[in-house]
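Common to both upcoming complexes is chain A, partnered first by chain B, then by chain C.
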Partner chain A sequence: MEYLSTDKILVIDLATSKIEETALDESLVSEKIGGAGITKHLYEKHLNDDPIVIGTGLLTGTTCPASASGLITAKSPVTGKMCHCPVIYKVGIEIKFSGYDYIVVKGVSDKPVYLWIHDGVADISDASGIWGKDVWESTDSLRKFMGDDLLQTMMIGKAGENRSDYAQICYNYWSSPDRFGLGKLFGSKKLKALAFRGMGLIEVADHENFVRRSLEILKEIKTNDFMTKKGIAEIASAMGEAGVEEWLEPIVHRHSADYFTPYATNTAVFLDEDPKRVEESKVAEPGVLISDVLALLAFKKLGLSAEDAGRALKACAKYGIDPAAVAELSGKSSLKEIVDSFDGLSGTVTLKGKGSFSPWCPLKPIFNDFGLSGDAAEAEAWWERRQAVAMIFGIQPIFSVMCPELSEENMLELAAIGTELDLTQEILDRVVADLLK
Partner chain B sequence: MGIKIDALKCINCMACEMACSYHRDDGFAFLSACIVVYRAREKQDYFGVLIKEEEFLKVARPEGLEVNRIGEAADPNKKADASVKPMLLREGCDLCEDMDDYGPMCIAICPVDAITLE
Partner chain C sequence: MNLYQSNADINIKLPQGKAGYISKGNTDIRISGVPDPECRRMRYPRIGIYAGSGTSHSWLWFVDMFERMGFHAVSVLDAPAVRSGRLQQMDVLAVSGGDTVAIAEALGEDGARQLAAFITGGGVYLGACAGAYLVMNSSKPHLCHFNFAAVKITNLSKRLPTCQSMPHKFSIAYGCEHIFHPVREAVGLRLTGVPPFSGEPALLVPLYGGPGMLAPPEAQVLARYDHFTDKTVFLVDKDLAEETLISTAAALRVPMGNGQMYLFGPHFEHPHYHRANRLVADAVYWDSRRNPDECSPVARDALQLPTSESANLIHSLRRELSNSRIVAAGLEMFPVWWLIGAKAYEPEKIRVFLDAMWRRLKPLEKRGRIWARAGVPDLLMADACETTSLLRQLKNELDQGSVTDPTARTLFHLLHRNTMRFFELYFQTISNNLTP
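Take a look at the complex of A and B:
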């Protein structure tokens, strides 16, 4: 596959330490487009080895607005079914620029390891030095070891190592969309982390037309009212949750976005530093970055102050545990009790949706109504399809439920321009139907 | 005329970096960009934008603009990022002189209009 691709699929067998590379066939892209369409294909191909398939969307890391997302496809320890977990922040694009479109991790290692994926090279490395450390210590340790503060990681903490049902794969230091207990799957394979870094070049078939259309779509997006807003509290307000902005505002530091995502979906709060400080903080760990609006709301509904909710989210991110599961199952309403509950957490979490896509993304349109009538079944079907399409093309999932200008037609057009393949609505409909069945 | 950056408006999305490198490489990469979002202080939530011009390295920090003449000794009180050092090997900003339809690509692509011409 020559365009919008590294043309490489990596298959790593943790049991034998064998690493193989294969080319990404253009025919597979013509049939499955990319992202979840292809990770599902690879998952089924390697099913007997309980695979974790990491991938990127066809548009990931391009000038298509919000082309930030990668994904992890695997069998969820929570649902027992195949799921697709978005890879956000800047981790999703780093997968592609590190040299691979898709990475299949199969088998079980006999000792703790991490995978170091860099500039088209993959290594299985000894993780004994970070096994037992929390997510933040481990990410710090790998970045220091590699001498690169921009190393992007997927990391488990103690929850994953201890095979908690609610263990979450974290990205760099932060919580992730993993509602599926994939941290437990990493832990059961003795896979502590994946670390990505690369300076690859992604070729585009008709680059001038691709960039021209990207900028036209961006121009349309910028007429949207949500472009005057920023951050996670405004998302909560748009979901109909009153009082979140006033509650959170006193500790908000800044808002930031995933790669080329026009709305800043992430909000950093400072807990041990003046939130109004603009100079670099001298405090090593002044706060936490929040991307999980539903977990934040769940802690608020337990009666926590915004500061304690931030501290709970920070503790969850360090431990590598799903904060939404903690809020739902701990039965506690004080910060100390919540943090002390991590080890003994038990029960069944409520996962909204059909279980294929992460309900970390709000299950309703945000800021725009997308022409929906308000019927619950219609909204659920719309959300499932919207997530499927986002995971095929590599679009930031929350942005996909707020931005009608990022239409299927526009994504298909960019994909066709970028690859010179005849990617039609019929093909997309078929891939989506396969993901939703 | 040069590039002006409002670091407090910046949302750390890296689109400018991609667009700048595209202008050099006609493909998607970050390798050749003369404008980069510096984001190495992730836990401190400290980010801004760095741009290399022909003679100057400009650092748009949240607290204000810092201009360094290339070749002069760096301020020993400022912590440097190893990942930013390759900037000095890259070509300086040419305001995308060959991009007639758009002007500077970093301005055209910034979703929050944090980058303008001065």
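Take a look at the complex of A and C:
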């Protein structure tokens, strides 16, 4: 596969330390397009080895607006079914830049390891130095060892190592869309982390036309009223949650967007530093980056102050545990009790949706109505399809429920320009149907 | 059309014994398979590039230029190699930028004698910037052994003029005097039409500290500084820059025995200046006359590695170069530079060396089996691993605000050495594949 691709699939067997590379066949892209379409195919191909399949969308890391997302496809310890977990921030794009479109991790290692994926090279490295450390310490340790502050990681903390059902794979230092307990799966394989970095470039078939159309779509997107807004509290407000902006505002330091995403879906709050500080903080750990609006709201509903909610989210991120599960199952309303509940957390979490896509992304349109009538079943079907399409092309999932201009037609058009493949609505419908069945 | 293509095409044919001619005429068609009355027959030259002590990264520009043009019989030489006589196996020696005095010191009297013997024996000397200063008459220590050309330097002064910008790039001590650099970046030249620099009335070239020159009677002026451009950065007052450079010689052809010295103030070999590159190639074709019976040099002491060993070496090199490049890219965010010898090195220079190797891994992979002298692959890998280690140490020191100069000096020394080693292996692999 020559375009929008590194042309490489990596298969790592942790049991044997065998590393194999295969080419990504153009025929597979013509049939499955990319992203979840292909990770599902690879998952089924390696099913007997309980695989974790990490992948990127066909448009991930391009000039297509919001093409920030990668994904992890694996069997969820929470649902017992195959799921697709978005990979956000700058981690999703780094998978592709590090030299691989898809990475299959199978087997179980006999000792703690991490995978160092860089410039088309894959190394299985000893993780004994970071096993037992929390997510933040481990991320710092890897970045320091590699000498690179921009290293992008998928990391488990103690929850994953201890195989908690609610263990979350964290991205860099932060909580992730993992509602599926995939951290437990990492832990059961003795896989502490994946670290990605690369300086690869992606070839585009008709690059001038691709950039031109991308900018045209971006221009259309910028006509939305939501372009004057930013941050997670605005998302909460758009979901109908009152008072979140006022509650959170005193500790907001900044908002940040995922790669090339026109809306800043993440909000950094300062907990141990003046939030109004402009210069770089002198405090080692001044706060936390929040991307999980539902977890934030859940802590608010437990009666926590914004600062304590921030501290709870920070503690979850360090421990590598799903904050939404913690909020739902702990039943506690003080920060200390919540943090103390991590070890013995048990119960059944409520996962909205059909379990294939992460309900970390709000299950309703944000800022726009997408022409929906208000019928719940219609909204759920719309959300499932919207997530499936986002996971096929590599679109930031929350932005995909904000922005009608990022239509299936536009994504297909960009994919066709970028690859010179005849990717039609019919093919997309077939791939989506396969993902939703 | 790719300006390098005609050179690359002819350089495939020359080692096979096919005839090619370079015309003296003032025409765009300077290279052909058909002789004309004033043409010279071209030979496929063996080229040495000096990359030893005293050089900066700019010897890699000669590597890029020659490779693009299909000159693959290239050897990268350090000072001991020059002193030991390897130069006598070459047709061309290219010396690019760096610290002139340090180069002269490294080569020493023995190196100067070897260089003189090489040129007088019919060799072509290409000296750009420091490489040009090196062979100009001087009474200064070390340089005094290289009094091959009675060229006067116009940017030499007992008293330094006022520096207007880039003080760390402005001047270098030259005995009790100073070489100062009036401008940097692109300048405009007017060509004189003297062969082999025919067919180009004017061109732009980059100047990074090279001289303005006053030619001795025996020399031919090939190009003069004509004007500054909107890209030119002035390090002194503009009037002084004009007075120092404009109308002085920017490129000279100076005879010495049976050989010729081409002295370039600007970097004609810079990879972004394709038209200037082509003139350097013309100079090589025009004056390469040594050892006319030998046209296809082979690294006879190299051995061909087995296929699996070759693949493993490339994979291991890719791993270490990737590790190094990732750290090096991060270092470029630091506002730091190091004075090594008389030259300022910024973090960006690290990746110049690493990328020069990195982008040749795929071409090397396509060649299949690698040619290398015994032990070279192991040394190459050991230094590549040490480079990553030093880069990580440097990053750590910068994070902690520690002194980084000793680490940086060791690092650049290592980068030089390993890049030279890599290109020895690289050109051995390519040139051996040229041999029938």
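Just so we're on the same page, the second predicted complex is superposed on the first by the 437 of 437 C-alpha atoms of A that agree within 3 Å, B and C clash if a C-alpha of one lies under 4 Å from a C-alpha of the other, contacts with A are read in each partner's own complex, and residues count from 1 in each chain.
Basically, a residue touches a chain if its C-beta (ideal position, glycine included) is under 8 Å from a C-beta of that chain, and two chains touch if they have at least 3 such contacts.
These figures come from a predicted structure and were not determined experimentally.
Student: For A:147, decide between first (touching chain B), second (touching chain C), both and neither.
Tutor: both
Student: In the superposed arrangement, does chain B or chain C reach more residues of chain A?
Tutor: So, of the two partners, B touches more residues of chain A.
Student: Which partner does A:207 contact after superposing on A: first (chain B), second (chain C), both, neither?
Tutor: first
Student: Contact-wise, after the overlay, does A:377 reach chain B, chain C, both or neither (first, second, both, neither)?
Tutor: Once the two structures are laid over each other on A, A:377 reaches no partner at all.
Student: Touch test for A:242: chain B only (first), chain C only (second), both, or neither?
Tutor: neither
Student: Figure out whether A:259 sits in contact with chain B (first) or chain C (second), or with both, or with neither.
Tutor: A:259 contacts chain B only, not chain C.
Student: Applying the touch criterion given at the start, work out whether A:123 contacts chain B, chain C, both or neither, answering first, second, both or neither.
Tutor: second
Student: Mind sorting out which residues of chain A both chain B and chain C touch, each in its own complex?
Tutor: In chain A, residues 147-150, 199 are touched by chain B and also by chain C.
Student: Could you pull out which chain B residues touch chain A in their complex?
Tutor: Within the complex, chain B contacts chain A at residues 8, 11-15, 18-19, 22, 25-31, 39-47, 61-63, 81-83, 101-102, 108-109, 111-112.
Student: Show which residues of chain C lie in contact with chain A when the two form their complex.
Tutor: Checking each residue of chain C against chain A gives 315, 318-319, 322-323, 325-327, 329-330, 391-392, 395-396.
Student: Within their complex, state which residues of chain A touch chain B.
Tutor: Against chain B, chain A makes touches at 61-63, 65, 90, 97, 136, 147-150, 172-173, 199-204, 207, 211-212, 215, 218, 221-222, 227, 230, 253-262, 264, 268, 270, 278-281, 283-287, 289.
Student: Within their complex, state which residues of chain A touch chain C.
Tutor: Residues in contact with chain C: 118-121, 123, 144-151, 197-199.
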